[in-house]
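Look for subunit A in each of the two complexes below; its partner is subunit B in the first and subunit C in the second.
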Partner chain A sequence: MGRGEASDRRRIQLSEWKRKLDAVKIQKEDTNKLIMNFLVTEGYVEAAHTFELESGTPPGVDLGAISDRMEIRRAVQRGNVEEAIERVNDLNPEILEEKHQLSFHLQQQRLIELVREGRTEEALEFAQEYLAPRGEEHPAFLGELERTVALLAFEDARSCPVADLMDIAQRQKTASELNAAILASQCQEREPRLPGLLKMLVWAQDHLDEKLIYPRINDLVSGELVEPPADH
Partner chain B sequence: MVASPADLVAKLSSSGDRDARLKAVRDIKNVIIGNKQKKQVFVSLGAVPRVVELLSCDAGGPLLVQCAAAVGSFAYGLDAGVQAVLASGGVAHLLVALSSEDEAVVLAASRALKMVYQSPMAPAAHALAGSALTRLVWLLGAANLCVAEVAARVLARCCDTPEQQAAVLEAGGLGGLLALLAAAEPARREAAADALAALLSGSPAAASQAVRRAVLPVLVKLLGCTAVREGVPGALAALLDDCPALHRAAADADAIGRLAAFLQDERCSSRLKVGTLCALGTLCLDYEDHRRQLAEARVLPQIVRALDDPDAQVRAAACTCVRSMSRSVVALHCSRVGADVAPPLFRRLQDADLGIQATASATLCNVVLDTSPAQEAVLAAGGLATLVRLTSAPAAELRVNAAWALQNLMHHASADVRAAVLAALPWERVEALASDADARVQERAVKLLQNVFAYCTPRDVEAAQAWSGGVALRLLVSSANPAANVPPLRRSHSLYGLCNVAVSGEEAGRAAVMASGAVPHIVASLSDTDNAVRLAAVWCVIALSEPHGKPAAAQRVADLAAAGALAALRGLAEDPPSLDIHERDGDGGGEEGGAGDGGAAGEGGLLPGTGQEVLMRDEDEDVVLSSL
Partner chain C sequence: MSLATSFSSKFPSPLHWDKQSGGRVNSRWLEVTDTRVKYIGPGSEDKDAASVRADTPVPPDSSVYYYEVAVINRGRDGFIGIGFATSEVPLDRLPGWDSHSYGYHGDDGCAFKGSGKGNAYGPTFTTGDVVGVLFDRVDCCISFVKNGIDLGVAFADVPLEERLYPCVGLRTPDEEVDANFGASPFVGDFPGMVAECRERLTERVLATPLPGRGKAGSLLGELVFGYLQHHGHWETAAAVGRDVLGGAVSVSQADIADARSRQAVAEAAAAGRVEEAVDMAEALVPGALAAQPAVLFRLHCQRFLELVRARDDEGAMRYGRSVLSGAAASDQDQELLQDALSLLAYEEPEASPCGELLGAKAREDAAAALSAALLAHSGRSAQSALERCLAQLGAVRRELVQLGDASAAMLRFDKSLPSNGMLL
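Showing the complex of A and B:
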C-alpha cells in the first residue's frame, strides 16, 4: 500500500466499508458455536461449562472426556508418560493399539524421561525391552530409535548432539500428538476452527490489496479497522 | 517398572485378592497394547484363557472392563492371539458382556469385539437368539459410535441362515439398521450397510429388493470415503449378489470405476482386494457393457496379478472376477486379456484350494474358446498337460471343467492347436471320460469328440480316427443308440459328431459313417420323442445325402431309404410340433429325392437354415456361458 500504483485501485472509505460489513448478517449462534468449538478443542473445560450456562450453546461432546484428555496431556507435559499411557488406555484402548507411531513416540518419551532422571540402567533395560522390538517391527522408526538411544551414550545428555530430545519442546510435541489422536478418536477436529478463520482473513486481505484500497484489519487481537492513508 | 510377565500371569488366578487381580489385568493390558512382542510373550504364558475366565465370572464392572480390553488387545495384530481368544471362548463371553447393565462394560466389550472382527480368522457367524438379538438391536441406537457400530457388526454375523435372518428381522433389526444407515459417521453407515446386505442376502422378497435399493446409494457413496472403504466393496458384493436388478443401478452410479480405482492403489489391502474383486465379478456377471467398462478402467494387469496373490482369498476373488469377464466374447477377442490371464489361470489349476481350482478351470473353458492368443498362451504355458491331468481329478467339478476346456479348445481349432491337443490327450482319457461316473463328464466327452471332427479336412478326420485307434466312430455310434440308456442330449451330440465326420471327412467320412452301423440309429432317431435328437438325425441324413447327383450319394440315399429313412421323414413332415424340424425336413427330403437345390455348403461352411447352424458342429448356448 501507499505505493505508486495506488491510484489504479479503487478506494473505499471507512464509512462505506462499515456499511458493507454491517450488511453481512452473522447469526449470534454461529459465533457462539465458534467460541465453544475453540474452548472444547483447546480443552478449557471450566470456561466451556460456564459459556454453556451463559449462552446456552451445547458443547457437543462429553465435557468429562475433555477433562480426561487434558489430564492425559498434562501428564505427558509433566514427564509422567506411564500415567498418560495408562489413562489413555482406560479412555480408549484402540488409540495406542492402532497408532504405532504415537505409541512409539510415547515409549521414546518414557526413555527420555528416564534419562532425564538419571536412571540410566533402567533406561537401558527399557530401551532393549520396549523400544528395540518396535524398531524391528517398524523399520521406519529405526532412525529415531538410534537418535534416542544415543542419549545413553553421553555423559551429559543435555549437551550431546541429540540434546534436542531432552528439550521441553519434545514433551510438548509428544503431548500434542497424543492430544490430536484422542480428539480424532472422539471424531473431533484436531484444531479449533477459529485460527483457520483468521488465516482466511489474512489471505483474503492479501488478495484484496491487489484490487482495492480499503480499511484493513492489521491487528488481529484488537480487530480494529485502519483507515487507508490519504492519496498523495 | 511393572512386574515380570510370569508374575503378572500368576496373579491373575490369585484366588483371594480382587484388587490384585484387577491390577494384574490392567498391567498386562497396558503392556500389550500396541506391542506385538509382549502379546506373544503373554500368549505363550497362557494368559489369554485366564483373562477370558475372569471375563466369564461375575467379577464386577471394573474387572470386566479391564478383561475385555485385554482380550481385545490380544486379538489384535497377532494371529496366535486371535487363535487363543477364539479357542478360549472369548468371543462368546464378550457377546454376553454386551448385555451388561454397566455402560462401561458394554463399551469395553464392543471395542474388544471390534478388534476381533478385524481379523480374517474372526467367526463368520454367531448363533444368537431372542433377547440377545433384541439387546443388539437396541444397541444400534447407542450414542457411543463404537457400540452402535459393533452392534451392527455382530448382527451382520447373525444372518447365516434364513431362520436367523428371520429372527433378526423379528427383533426389529431392519428398522434399527436403516436408522443407523442415516448416521453421520461413515463407520456406522458402513457397518449398517454391511449388516443389511447380510440380512437381505438370498432373500428374493419384494420388500428386500426395496431395502436393497435404499442401501445401494449409501454403499456406493461410501466407496469414496477413505476412512471406511475397507469393508464397503465386500458389503456391496453381498448386496448385489442374487440381485441382478441392482447391477445396472450400481454401474450407473459409477461403482465399476470407483472399485477399479482401489485396485490401482498400491496400498490396496488384501481385504479390500477381495471385496473389490468380488463386487466387480458380480457386476460383470450379466452385462456386456459392464465388462467393457471394467476393461476400459485399465486395471486388468492388477486383476491378472491378483490371480497369483499370496492370499488365497484374493486369488479366489480374482478368479471369480476373471470368470465373469471371460463370459464376454468382446472383452476376450478385442484384447490380449485371454493371453494374459491364461498362464496365471493354469497356475491356479494347481492351487492348494479346491474351490480356486474349480473357478480357474471354469474360467479357462471360456478363455480358450476361439481366442487364438489365449490358445497359443495355453500351448506355450504347458497348460495342456495340466488340463489333461485334471481330466482324472478326484473332484467331478474339475473333470467336467477340464473336459469342457478341451472341448472349447477344439472349437474352430487351428491345425497347430488340434495337433497339440490330440498329442497331449491320450485316447484312453476320452474313453474314461465317456464312461465317467458323473453324467456331466460323459456329456462333455461326447461334445469334445463332436468338436474333434468339426471344421476340419478329410486328413484331419483320418488322423483323429488313427488317434483313437479307429474306435472314435464306434464310441459315437454306441452313444447314439436310441435303444441304449443314453440321455437324449448326449445322443443328439453323438449324432452331430457322426454328422461332422460325414461332412468333414467327405467321401471317405461318409463311407465310414455308412459302414459304422450308425444308419439304423440315425433312422430310428428320426422318430425319436426328443426334438433335439430328431433334428440331429435330420442333419445326419442331409450330410450323408451329399453331394447331389454323385453316384455314391445316390447309393447312400437308397441305403437310407431302404432302412426306413424316407418313411420317417414323411412322418416328420406331417408332425407339427417343431418348426425347425419342418424346415430341415424340407431340405432333407429334397436331398433324398436327389432333386433339391438347397444342399449343404462346402467343407467348413455353414449349412443353410435359420440360425441353427452353430448347433451342427458346436455347442449351443453353453459354448460361451460355461457352467454357470
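Showing the complex of A and C:
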C-alpha cells in the first residue's frame, strides 16, 4: 500500500484493546522468575540474593558460582589474565581444556598485557613457549597469532597497524567469551530473557501494524498505551 | 492433525488429489485414485499435458507446509511437474507454465514460475525418487527436497494471498506418482525444516533493535527497577538502582511509606478484616471506593462471605438484606450476589457448589481489586511498565495468530519465558 491510499485496516479502539489486555494473564511468579533470570545472568549477585529474600523467588543457580564468574570476568577486565585462568581452572578445569579457541584467546590476551606493561622480553619468551605451539596445533589461529606477535615488532604498540589489540575493547571481548563459556558449562543461558521479550514486542507490534490500527506501546520505559490516531 | 503443517490449523489440510479438478480438460488422460495419479493419454505434444490439484489449498494460517510425491514410474519421457497452483490455473498445463503456478520438472530439473521456460534449479528426478515440496510462508518461498536432500529455494517472494493447492502434472504415457500429504512418515526431515525456519525467524526477531534507552541510560534496568518498586521489593529495588543503574535512580522514602500503607490495606482485606480494610482505604485515599462501585460491591460481598464463613448466618442474612441486595449494579454483580447468597442454603457451605467463594483465593481477589482501585485513584497504574509491556506482547501475539499470521504462530513466545504458556 502506498502513501495516500486509503487504509482498509481494521481499527481497534482503546476500550476494546484494554479488554484484550485484561484477558492476558501475567502471573507474578513468572515475572519474578524473569527478573531473577535477568539479575542472575547479568551477574548482579547481591540484587539476586536480596530478591530471593524479598520475593521468595529461587535463583535457580548457586549464587556463589556467580560471584566466582564475576570475579573471573573482572580479572580479565583488569588485565590480570593469569589470575582469571587460575580461577577458571579452580572452578572447572574442563572449560579451558575443551575450548581451544577460548584458551588461545586468553593466552593472546596475556601476551597483549605483557606488551602493555613493557615487558617485551618476557612477552617474546611467552609467545615462543605458549602461543606458537598452539598456532601449530590449530592452523585456524595462525593469522591471529601473527597479528599478535606483530605487536612485539613495534616500538610503540599503541600506534602500530595492529594497535586495536591494545584497546580495552579487546579485553572486554576476551572477558565476554570467557564469561559465556563459564555460563555454558553451568548449563545457563548466556543472555537474559527479558531483552528477547522486549524485542519480540517491538517486532510483533510492527508486524501487526500492517494489519490493524490499535493502541501501541511506543515507549517501553513508561509502558504507556498510545491511542491510535483519530479517523479522518 | 496433519503432519504436513507445523501446528494444528483450524483449516482443512489437503488429503488426496481432487478427481473433480480434472473434470474439465484432459481429465480423461489421468487416472486418479486417492493420492495416486497415472497418465493414460496420448502424450505426443505439450497440449496433451494434464494436471491435478489437491482437494483443498494449503491452510492459510500455516507457517510451513510440506508434502511429498514419490515417482512410481517415469513413464515414456518423465515429463513430471510437481509444485503448487491456484484454482484458476488451467489443468491442461504442467505446474509452473502459467501465472500463479510453480513447478519443479523431472526431465530437466528446472524450476518453472509463470513461464514455459524454466530456470536451471536442481537435479532431474525419475522412477524411485521422492520429491518433497516445502512452502515456507514465513519467508514466503518454495523449496524442493529430493530423497531427503534440501535443494534450496526455488521461488522467492511468493505472494501469501495466493491460495495455492498442491499440484502435479504429467505429460507422457505411463507416468505415475503417489503423493504423501502427511498420512505416512515423510522421507524428508520436516521437523528439521520447521526448526530451521523457526531459528531464522527467531534470529530476525532478536536482531530487532531495542529503541531508545531510558532516562537512566538502561531500558532493562529501569523496567526491572519499576517492577520491583511497584511490588514493594524495596531492598532489591535499591540494589538494582545502585548496581544496574549506577545510582541514577533510588527508592524514595515517600514511595515506600505510601506503598506500605496500601499494602496494609490489602493485608487487612486478605486476612478477612473487610470493614477495617474499607475504613483504612477511605482514610488513605478518600473517595477511591466511591469512584469504583464494582470494587465496593466486591468488598461488601466479601464482608458477607466472612459472616458466612464465621457461621453467623443471622448476621449474614441481615447484612445481605440491608446492604448487599440493593447494591448490585452490573450483571456481573448480580451473578456474584446470587452465588454468595446460595451459600446460606447449605449446612456445609464450604462443600457447596459455590464453596470456593469462602476460600483464600476469593479474599486475595478482593484484596487485589482494592489495591488496584487505590492505585488507580491516586493516578498510578495497576501494573508496572514491565507488566504492561508483557501484556501488550501477549495481546498483540494473540491478535496476529487470530489473523492467521504465519510468523507469529511460528514464534515460540513461551520458550523465552520462565514458565510455559504464560502469554498463550
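Just so we're on the same page, the second predicted complex is superposed on the first by the 226 of 232 C-alpha atoms of A that agree within 3 Å, B and C clash if a C-alpha of one lies under 4 Å from a C-alpha of the other, contacts with A are read in each partner's own complex, and residues count from 1 in each chain.
To be clear about the criterion, contacts are C-beta pairs under 8 Å (C-beta built on N, C-alpha and C of every residue); 3 or more make two chains touch, one makes a residue touch a chain.
Because the structure is a prediction, the values reported are computed rather than measured.
Colleague: Both complexes share subunit A, so when I overlay them there, do subunit B and subunit C fit or clash?
Modeller: Aligned on subunit A, subunit B and subunit C fit with no clash.
Colleague: Classify the contacts of A:Ile85 with the two partner chains as first (subunit B alone), second (subunit C alone), both, or neither.
Modeller: In the superposed model, A:Ile85 contacts subunit B only, not subunit C.
Colleague: Of the partners subunit B and subunit C, which touch A:Ile26 in the superposed model: first, second, both, neither?
Modeller: second
Colleague: Could you tell me if A:Gly223 is touching subunit B, subunit C, both of them or neither one (first, second, both, neither)?
Modeller: So A:Gly223 only meets subunit C here.
Colleague: Mind working out whether A:Leu208 is in touch with subunit B, subunit C, both or neither, as first, second, both or neither?
Modeller: In the superposition, A:Leu208 touches subunit C alone.
Colleague: Please work out whether A:Pro93 is in contact with subunit B alone, subunit C alone, both, or neither, and reply first, second, both or neither.
Modeller: In the superposed model, A:Pro93 contacts subunit B only, not subunit C.
Colleague: Looking at the overlay, does A:Met200 come into contact with subunit B only (first), subunit C only (second), both, or neither?
Modeller: So A:Met200 only meets subunit C here.
Colleague: Please indicate which partner A:Leu142 is in contact with in the superposed arrangement: first for subunit B, second for subunit C, both, or neither.
Modeller: A:Leu142 sits against neither subunit B nor subunit C.
Colleague: Would you mind checking which one, subunit B or subunit C, touches more residues on subunit A?
Modeller: The partner that reaches more residues of subunit A in the superposed model: C.
Colleague: Is A:Ala169 touching the first partner subunit B, the second partner subunit C, both, or neither of them?
Modeller: A:Ala169: touches no partner chain.
Colleague: Could you tell me how near the closest CA atoms of subunit B and subunit C get once both structures are overlaid on the shared chain, in Å?
Modeller: Between subunit B and subunit C, the shortest C-alpha distance works out to 10 Å.
Colleague: Across the two complexes, what residues of subunit A are contacted by subunit B and by subunit C?
Modeller: In subunit A, nothing is touched by subunit B and also by subunit C.
Colleague: Show me the residue ranges of subunit A that touch subunit C in the complex, using the header's touch definition.
Modeller: Going by the criterion above, the answer is residues 17, 20-21, 23-31, 33-35, 37-39, 42, 44, 46-47, 50-51, 53-55, 192-208, 211-212, 214, 216-217, 219-225.
Colleague: Spell out the part of subunit A that touches subunit B in their complex, as residue ranges.
Modeller: 85-86, 89, 92-94, 96-100, 103, 122, 125-126, 130, 133-134, 137, 187
Colleague: Note which residues of subunit B are touching subunit A in the complex, please.
Modeller: Against subunit A, the touching part of subunit B is residues 1, 26, 29-30, 33-37, 69, 72-73, 76-77, 111, 114-115, 145-146, 185.
Colleague: For the complex, give me every residue of subunit C touching subunit A.
Modeller: Checking each residue of subunit C against subunit A gives 204-206, 208-212, 214-215, 219-220, 222-224, 227-228, 231, 233-236, 239-240, 243-244, 381, 383-400, 403, 405, 407-408, 411, 413, 416-419, 422-423.
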